[in-house]
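Worksheet: the structure to be examined is printed underneath.
Order of writing sets the chain letters: A, B and C. Residues in each chain are counted from 1.
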Amino acid sequence: MGETGLVQILEGALMAAGEALSLQRLSQLFDEFDRPDNADLREALEEVGRRCEGRGYELVHVAGGYRFQVRQSLSTWVGRLWQERPPRYSRALLETLSLIAYRQPITRGDIEEIRGVAVSTNIIKTLQERDWVRIVGHRDVPGRPAMYATTRQFLDYFNLKSLEDLPPLAEIKDLDNLSGDLPLELPGEADEPAVPEAPGVPSELSVHAQPATGTADEEPRFAQDSVSAD
Amino acid sequence: MRYTDGVKMTSPPESPEPPALRPAERVERLLGSPQQGEMPFAIVMGQEMTELPKDLYIPPQALEVILEAFEGPLDLLLYLIRRQNLDILDIGVAEITSQYMQYVELMDAMQFELAAEYLLMAAMLAEIKSRMLLPRSSEIEEDEEDPRANLIRRLQEYERFKQAAEEIDALPRVERDTWVAKVEPPDLKRDRPLPDLDMRELLVALGEVLRRADMYESHQIQRESLSTRERMSDVLEVLRSSKFVPFVSLFKAEEGRLGVVVTFLAIMELIKESLVEVVQTEGFGPIHVKARVD
Amino acid sequence: MGETGLVQILEGALMAAGEALSLQRLSQLFDEFDRPDNADLREALEEVGRRCEGRGYELVHVAGGYRFQVRQSLSTWVGRLWQERPPRYSRALLETLSLIAYRQPITRGDIEEIRGVAVSTNIIKTLQERDWVRIVGHRDVPGRPAMYATTRQFLDYFNLKSLEDLPPLAEIKDLDNLSGDLPLELPGEADEPAVPEAPGVPSELSVHAQPATGTADEEPRFAQDSVSAD
C-alpha cells in the first residue's frame, strides 16, 4: 500500500497535530494545485476512521475538527502515564460552567441569581484561563456587565461537536398540582398558569443558534461522533 | 482490574479511583442518616419533632466540611428536601423551614461566618411560612399565587443546572478519559515563508517618505527618467567586474537609437556623479570607462 | 479484535505520550498482578509495529524507548501544520526599498537624508537576502559608500519588464486615494500622519534630528526592522 496517499497524509497529520484539525486546516496541508476538496477529505477521513478498528485509538469528530484519541476503555492504563491526576473541578465551577453553556450569553449576575450565591472571581478566571469561556459582549444595562459564552475549546475538551450535544436539561415540572400543607385548595388555582415565564425547552434550544457559541462548524449535520465503524 | 487479550470486554473499566462522594453523602456520613421516630417528642415553633435534630451534634471541625458541601442556600434546601425523598412540589414549608433554621443557627452558633445568602433565604422562608399560616380570605385567593411558587421555581431551576453540572462532569473528558494523539512529527524542512509585498504598499511607503521629504524642503526628488537610472545601474554592473572597459562595448546596436541615447545619458550622469572615470590616452583613440572604485 | 488487549493499551499509550516510552514505563501502566514481562511487551510491540504497515506513521525504537513517529515521506505535508504565517515588512523597509527602486543607484546616506532617519543594517541585509537589492558600486567619496540598485528578481517579483514600468511618481502623489483603497496596516502609520502637518515643529530642526516623525525610534529596534529573526 502506498505510503504517501491522501489517507496516509491525513493519518500522519492527525497523529502529529496534538489537537483537532478542521477540514480547512487539513486541506491547507496540500499545495493549491493538488488540494483535495472537502468531499475527498471526508471520504478519506472515513477510511482513516475505519482503519482504527481494533486499535487503541479512534478518530473522533469534535467541534474543532477531527482528531485521533485514546479509546476511553483504555483510560485506566493510559492515565498512568502521567504522575498528576487529572484536575478535579469543584461543583461551584461546574455549575457556573453549565449555566454558561446552557444559557449563554449570560452575565455573572444571571448566574448568581440562579445559583443563589455569589460567583467567585476565581471561578470565572479559571474558566477563562482554560479557554472554556470567554466574554462575548457586554449587556447594555447599568454597569455594562460582561456576557460569557463557551468556546470551541470547551466543546473539544468535553468531546462535543456542538452545544446541541450537551446532555438535555431536565424539564421543569408544572406547579399546577401544588399540594402539601397548603390549607386550602381551590379549583381556580388550576387555571392559573403555573410557571408564567417558564423557560421550557424551546427557549433552551434557541441558545444553540447563538452565533457566539463557536460551534459554527463546516458541517453541523455530521451524524456520528465517532467516525470509526466499530 | 485485568486487561484482556483478544477478548472484547463488555463493560469498560471505570476510573480506578472511588467515585467522589456526593456532598449529600458526605454530610450523611458526618451526621448519620435521619431516622423517623414514632412519636413526636417535642413541639418546636408549633412543629412536632419526631426525630432528634442530629444536625446539632456536629463536631466543630466537621462544620466547615458541611458548609463546603453546599453550594448555597438553594443547594442546602434541595438537600433537605431530597433527604426526605420529597418532591419539590410537595415540600412542607414549615418543616423545611425549621430544618433549614437548625442548620443556620448551628452555623451561627459555631461562629461560622455565614454567607449573607443563607440569612436572606431564612428570611424568605419565614415569610412564606407566615403567609401560609395566615387565614386566606376567599375573595383574594383566586388571584393570589401560592406563596411557595416562587421558591419552588427557583429550586427547580437551580436543580436542573446542578444536575447539568453533574452530567457535564461525567462527559468523557480530555486528560481524564481520553488523550489526543501527539506523535513525533518527521524531520521538518521548515522554510520560513517570505513576506508578500504588494506594489501598492511600496507606493504608499514611497509617497509617505516623499511627503515627509517635501515638508522639509531640503530634499527634492527629481523626476528623472527611470530608464536612465536603470541603465546607470546596468553600466555600473558591467564595470564592476573588470577594470577598464571600452566605451563602445557599453552600447548595444540592437537596442537602436533610443537605447544608445539612454546608455549615453546614463554614462554622462555617472560621470557627473563621479561614479565612473573616463580615460582617453590619445586624441581620437579608444575611450575606456572604469568605475571609480572597484 | 478486542479493544482492551495488551496491543491496544500500548497503542493508546504510545500515541498519547508525546515522547518515547521505555519498556519499564510501559510495564508500569499495569497493575502488579497482571503486569506483562518484557518478553510479552516486546512481542506486543512488534505487533504494534506491524500494524503500522501502510499507515502514515510507524513505530520506531530510539534510545529513550519506543515511540510512534510520522513517516519521513510525509514531512512535506505534515510540516505545513506548523508553517508560520509570512511576516510583514516594516514601514522602514518599504520606504528604503522604494527609494532604491526610484533613485538607484543610491547610497545609504542618500536614503537616510531623504527619510530623515538612519537606515538599519538589517533592512539592507534583508533586501539583499531577498535578492531584490544589490550593490552596484561604491561612490568615490570619503568612506566609499556602497551604491544600491534593484535587481532582475525585484522586477520579476512585481511582474515588471523594466524599471520604466514602475508607476510614475506623479501617480503616488495622490496618496490619500491610494491608501484609501488599501486595507493596509503599516507599522507606525497610526503615529505618523499628524507629524508633517504639525504646526509646532520648529523649522530649524534638521531632518536628521527630527524625533517626531514616528520612525525615529526604529533604529534601535533592529529586530522589528528586519523580517527574519534569524
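The rule we apply is simple: a contact is a pair of C-beta atoms (placed from the backbone, for glycine too) under 8 Å apart; a residue touches a chain by one contact, two chains touch by 3 or more.
Given the structure is predicted, the values throughout are model-derived calculations rather than measurements.
The most central chain, judged by C-alpha centres against the centre of all protein C-alpha atoms, is B. By number of C-beta pairs in contact, B-C leads when B-C and A-B are compared.
Averaging C-alpha coordinates per chain places the centre of subunit A 35 Å away from that of subunit C. If you average the CA atoms of subunit B and of subunit C, the two centres end up 26 Å from each other. Chain geometry summary: the mean Cα position of subunit A and that of subunit B are 14 Å apart. Under the contact definition stated at the top, the residues of subunit A that touch 2 or more other chains are 12, 15-18, 57, 68-71, 73, 77-78.
Each of residues 1, 3, 9, 12-13, 179-186 in subunit B touches at least two other chains.
On the side of subunit A, the complex with subunit B involves touching residues 12, 14-20, 57, 67-73, 75-79, 85-89, 91-92, 94-95, 97-99, 101-102, 114-118, 156-160, 166-167, 169-173, 175, 177-184, 186, 188-189, 192, 194-195, 198-199. Only residues 1-4, 7-13, 15-18, 21, 25, 28-30, 51, 53-57, 68, 70-71, 73-74, 77-78, 80-81 of subunit C touch subunit A when the two sit together in their complex. Of all residues in subunit B, those touching subunit C in their complex are 1-9, 12-13, 179-190, 192-213, 215-216, 218-219, 221, 223, 226-227, 229-230, 232-233, 236-237, 239-240, 273-275, 291-293.
Put simply, subunit B touches subunit A in their complex at residues 1, 3, 9, 12-17, 20, 23, 71-75, 87-94, 115, 117, 121, 132, 136, 141-142, 145-146, 148-149, 152-154, 156-169, 171-186.
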